[in-house]
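The structure follows.
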Amino acid sequence: MPALAGKELRIVGFLCNWCSYGGADTAGVGRFSQPTDLRIIRVPCSGRINPLFVAKTLLSGADGVLVSGCHPRDCHYAEGNFYARRRLEVFKRFLPTMGIDPDRFEYTWVSASEGQRWQKVVTTFTEQIHKLGPAPRFGFAHEQNPATAAAC
Amino acid sequence: MSTYAYYPGCSGLGTSQEYESSTRAVCRALGVKLVDIPDWSCCGSTPAHTVDHLLSSALAARNLALAEDLDAAAVITPCPSCLTNLKVAVHRMSDREFRMQVNKLLDKPVDRSTPVKSVLQVLAEDVGPETVAEMLPHKPLAGLKVAPYYGCIMNRPPEVMQFDDHENPMAMDNLMAALGAEVLPFPLKVECCGASYGVARKDIVAKLSGKLLQAAEDLGAHAVVTACPLCQMNLDLRQGQASSAAGHKFQLPVFYYTQLIGLALGVPQSELGLSKLCVNPRLALDAMHAVQAEKREQEAKKEAAKQIHKAKAA
Amino acid sequence: MTILTQLKEQITAQLPKLDMVIGWEQGYDALHATPLFMRAAEDVERLQIGPLSVHNTATYLTGLRNKKVGLVVKGCDSRAVVQLQQEGLIDRENVVVFGFPCDGVADLTKVRRLIGDVGRVEEVETTPTELRLRVDGREEQVAMSDVMADKCRRCQYPNALVHDHFAGKPREPHATSDDYTDVQEFESQSLETRFEHWKSEMSRCIRCYACRNACPMCVCRDHCIAQSRDPHWVTQDDMVREKWMFQVIHAMHLAGRCVECGECQRACPVDIPILALKRKMNKEIKEVFNYDAGVDPQAIPPLLSFQVEEENINERGW
Amino acid sequence: MKIGVFVCHCGSNIGGTVDAARVAEASREFPDVVFTSDTMYACSEPGQDGIIQAIKDNQLDGVVVSSCTPRMHEPTFRRTVERAGLNRFMFEMANIREHVSWIGKDKEANTNKAIELTGIAVEKLRRDQPLFAKQFDINKRVLVIGGGVAGIQAALDCADGDREVVLVERESTIGGKMAKLDKTFPTVDCSSCILGPKMVDVAQHPKIQLYAMAEVEEIGGYVGNYEVKIRRKAPYVNWDLCTGCGLCMEKCPSKKSTDRFNEQVGSTTAINIPFPQAIPKKAVIDPKFCIKLTKGKCGICAKICPTKAIVFDQREEIISESVGAIVAATGYDLFDISKYGEYGGGRLPDVITGLQYERLLSASGPTGGHVKRPSDGKEPKTIVFVQCVGSRDKSVDRPYCSGFCCMYTAKQAILTKDHIPDSSSYVFYMDIRSPGKMYDEFTRRAMEEYGTQYVRGRVSMIYPQGDKLMVRGADTLMGTQVEVEADLVVLAAGAEAAVGAPQLAEKLRISYDKYGFFMESHPKLRPVETNTAGVYLAGSCQGPKDIPASVAQGSAAAAKVLALFAKDKLENDPMISLVDMKRCVGCGKCVRVCPFGAIKEIDVRGEPKAEVIETVCQGCGLCTATCPQGAIQLSHFTDNQILAEVNALCQL
């Protein structure tokens, strides 16, 4: 499914169920308008988010990935976001060596009550991604592998 | 002790020469090294910022830019009004956009942010009342009852000024206590004196300053101590106007805090400029001396009684 | 007595109590060593150490968990032992470590780049400064300084960090610190250049997984997610994306664990410089957690723990 | 697999900015989808019946509903598909309301987004497996934390429902803030007279175990089976022996101890029973002031005590209790008035808080019910009340209304006139907030019958002049500045979260807002539940509340506990992690990170392997993100399900 051509970029969000998904709901209930690019994938806890999901998403052609969980100390599962913080931080720092702008990936904390904060996070991140523009792509399979392409 | 870039302000060269000279003398005596900002200009005073924030900040910022070459620990000024203009400029320029606009107006752009402080802040924090007290073990101002008056802008707005408690400042109280003076809990420390309404609406200044003087008098103060040229002028020069508005003759000398520190440290009269005060400072100093004399007399009596007691015992 | 002789004596003395001792011997030619599994006293005679003993002997440990195994280790190999012990993947009491001071090993890719694909090497004479190779009767001389592996130049642990026996005297470290200039240099290029670099490097990958098989820390073996359908992290599509994804997985799985033995890159038949990815990961782990893998068997791996207030992770303002 | 997709218009809530029919139409193209429809209200009875009918007619084995947030109606639709004979986990929701229709007006972009969100729900559903809950035993005892009026009510209701209650109170007596009040609004009846009997009931109820001077140290376990460690501080008195006779208080020579019960109006003895109606009525030694404990000599109380109850070397102890549910009723604390420097709170002795004034009014207070001001003990004639000190003020980070100050200020103004008939009272207020039964009438009485002068405006400064306090403020109705010469100023200090509330929330694993108040599950529909099963809220810990609301919530929490305990077995949430034994290499990383100790290492034919304890696992998935080979997978959120969602969004 391509992003709405010309208007949207592909931004994927991984949100913990208890805080940030609720925060996004709160933003909706408050009718806090937001850019439409973001697609949210719900997970139980930010601790569930293996940084490799972010890697997979970016390598699969996403222009930006946003992870959001409960504020440190507020994790519904007590400690999940503490582990997530370490892993996601390391991964974010790893991105430059891959040739991927680290600004394409952000992780943050939004609680279920912070509808306005969620609006700000989404708006800021979407603007940030639009400023960076579309991510570099690999193209189709035959473009990716010259040997196969030659054989075609 | 570090070197400070010194910004005297225009009134220091006019109406408050005694503040200026006593400040320099006290700083010298306390080892605070002042280097004048070369070719400094007016900070914009009260009129500039009411007309244009950008130009007003540029006026102040020009001086900050000039101060950069001095490699000083801070830019310091005795005058709270100058201080406000300098600090507000720094505060506004923390916004990158605004800073660029200001720099466009300046021949020499501001590129570092040297901290801006009042002389009072330097004496209270960098020198410290403890140091002053150590230098004056005999407490030269013992017996002098003072009401410290800070004025409304020395500590406010707190997010810009970042100095002392904005409702109940204590910097000057502590310095005065270090000299041995009896510091009264003056409740109107940060009240307005009427400020520049002294020109346009004398009645307002007379009323507001009168209130301050009344409060100090009720507390039994011998004198009011200030840190602001405009406050000092309203309380001192216009004390007569305040008296006629109140229907009660006030006779309260109004010192600059640097004059009292200088007096305690033995700074020469020529630099203290006590003669420039309108209400005769003798009133306060005589009262102080009377208290001191009385105390000495009591102690002498006590000593004599002890001697007699000893002699009898022997 | 040379270090080798001393080492052989120590091994021979311990061998009766062990199922095997792993070291190195000459491979298909004089230049290429191969791992040696010593089970009997006569095997010990074939042991060789020196600049050609490149393999990480610790790679075999987890596959031999219930055996009593002796291991001849260079400094970097010993870090893998420490790391495996720390993670509880080996039982330290089942492992007997034979250490010796390592002067650094040769990078055979560098040798090949210097003298070309010369075929079978008949004889190699090693001196502290040189390798003298005899090929087709002619002699080639290469300076050790030209072919020493990069990891050895910055090696801070040339002597086994853990050992039960040690032959010779511990030597001075080759370097006192690692400032990751290689990573910094790589990252001084533009993002596009870096991206294109990997795109082109990864396109050469033949998905043989030699990098993984050579890695002492890759303990999943048959259950590596590179080849599983559940979970299905990478597809079998012949695409750069899938190959690159696997290298990211490898780097991420090694975060806080990689001892930089360089086996992944050495094993790569098409010479993809994949150690750079692990180097970058280690640099960040060092910066954020001040942690070196494979140094302290009692340490807690940084990604398996946390601090409520992280010292070096700043919350980004939104 | 046969999947049905149902797209909800939610009236115009979704339909207004999303073309629901087109979403349904487009969903037909997704793999395995055999049926789609758009419906006006999917959650309504006809909506749900339509889903059931479609499942039966088309032999569907999975359902996607694109509507509101799953946090709202996921349980509803799970029951719906269950009624149609499907496993309730063969269901997914796409949130096209909160995350789409309500946050933007671009219908084209919204519709496209709704289609994609529906698409990823389909992809996830295609990998869903039927899951079945496990049953486990429930411990039918309840822990109530906090012995204020809300906690007392919850404890009594649970105990009357024949359940054992463990009540933990931080202070040496229960009663909370209400016990400190003189009278209550709007009835002006005596606070301790209506609370006292309830406190006695707590003491005498055979089903209630009360731990006073105790705090919750640690909480482990899960709904139905919590393990609680309670730290009981040392009172230095053997409470089994103490009769509460008070002889020790009479003789104690250390008379300058902090009087916490009387809000530090005056001081008390180092050994002390806070007030005559205290429950338990036992003496406590304040070790900071006790001469024996600080200097090593004295011990008069020990000599005089008729039952020899004094134990100077008593230590605190840790008590373990097992319970099945927890009610948090930790109340509130007062805003620190010294943060308003211009009011001189904490600096000027005659500027006090409303709660301190209650103690001055109270017959059991330090002045015996005679209003005497703290500085010189004189009876004040002019009293100024200042409202909203630490409420509705962004500048001190307290933008919320504390709710009850308008009412208690009116009460205090009335009581002042009763105590000192020749006095006059002024109230500086922002707005009068009196929305309760008989509340507005009550404030009117304060103004009209008792002549309290209400001045609409903020106070800018309070400063001493002679022995008076000058209160300067604005009268915004008159448009002038006013100055009142007062003898005593009472600040209506706002309510804030109790000290230590965030720390307790972390132990309970419940959320709290930025001010430290505990978060309820839903502000309207689940006001006493939290997001942690088995933990309920009562009283001001959830937000400032007056007494009737606190009591009501205490009873409500008790009703929730009793409903939970009505079952003999609880069912776990089957969304838990499971280990693929073949793939597990026994590295133990999952065991190390699990926050609940829900994974243990087992031995399978000589190989170490991980195993999940199904009733302990809470389903966070941290283990799944940790396992390198993906051998442990969180059901319903497996790697493959999340990867499928990623792939659906990012295939180029």
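Going in written order, the chains are labelled A, B, C and D, and every chain counts its residues from 1.
Operating definition for what follows: contacts are C-beta pairs under 8 Å (C-beta built on N, C-alpha and C of every residue); 3 or more make two chains touch, one makes a residue touch a chain.
Model, not experiment: these values are computed from the prediction.
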| item | value |
| --- | --- |
| Chain pair, C-D or B-D, that carries the greater number of C-beta contacts | C-D |
| For chain C paired with chain D, centre-to-centre distance based on mean C-alpha positions, whole Å | 55 |
| Between chain B and chain D, centroid-to-centroid distance (C-alpha), Å | 50 |
| Mean-CA-position distance for chain C and chain B (Å) | 71 |
| CA centroid of chain A to CA centroid of chain D, Å | 32 |
| Residues within chain B bordering two or more other chains | none |
| Per-residue multi-chain contacts in chain D, two or more chains | 593, 626, 639, 643 |
| Numbers and ranges of chain A residues touching at least 2 other chains | 56, 60, 73, 79, 83, 87, 138 |
| Chain contact topology (line, ring, star, complete or other) | other |
| Touch relationships between chains, expressed as pairs | A-C, A-D, B-D, C-D |
| Residues of chain A that touch chain C when the two form their complex | 51-52, 55-56, 59-60, 72-73, 79, 82-83, 85-87, 89-91, 93-94, 96-101, 106, 108-109, 117, 120-121, 124, 136, 138, 141, 144-146, 148 |
| Chain D-facing residues of chain C, complex | 66, 87-89, 219-221, 223-225, 228, 230-233, 253, 304 |
| Residue numbers on chain D that touch chain A, as the complex places them | 69-72, 95, 97-100, 102-106, 108-110, 112-113, 115-117, 119-120, 502, 505-506, 509, 511-514, 519, 531-532, 575, 593, 595-596, 618-622, 624-626, 634, 637, 639, 642-643, 645-652 |
| Chain C - residues contacting chain A, complex | 183, 186-187, 191-199, 203, 233, 237-241, 244-245, 248-249, 251-252, 255-256, 276-277, 280-281, 284-285, 287-289, 302-304, 306-308, 310, 313, 315-316, 318 |
| List of chain A residues in touch with chain D within their complex | 1-2, 4, 7-8, 10, 12, 17-19, 21-22, 24-25, 27-29, 31-36, 39-45, 47-50, 53, 56-57, 60-62, 70, 73-80, 83-84, 87, 111-113, 119, 137-138, 140 |
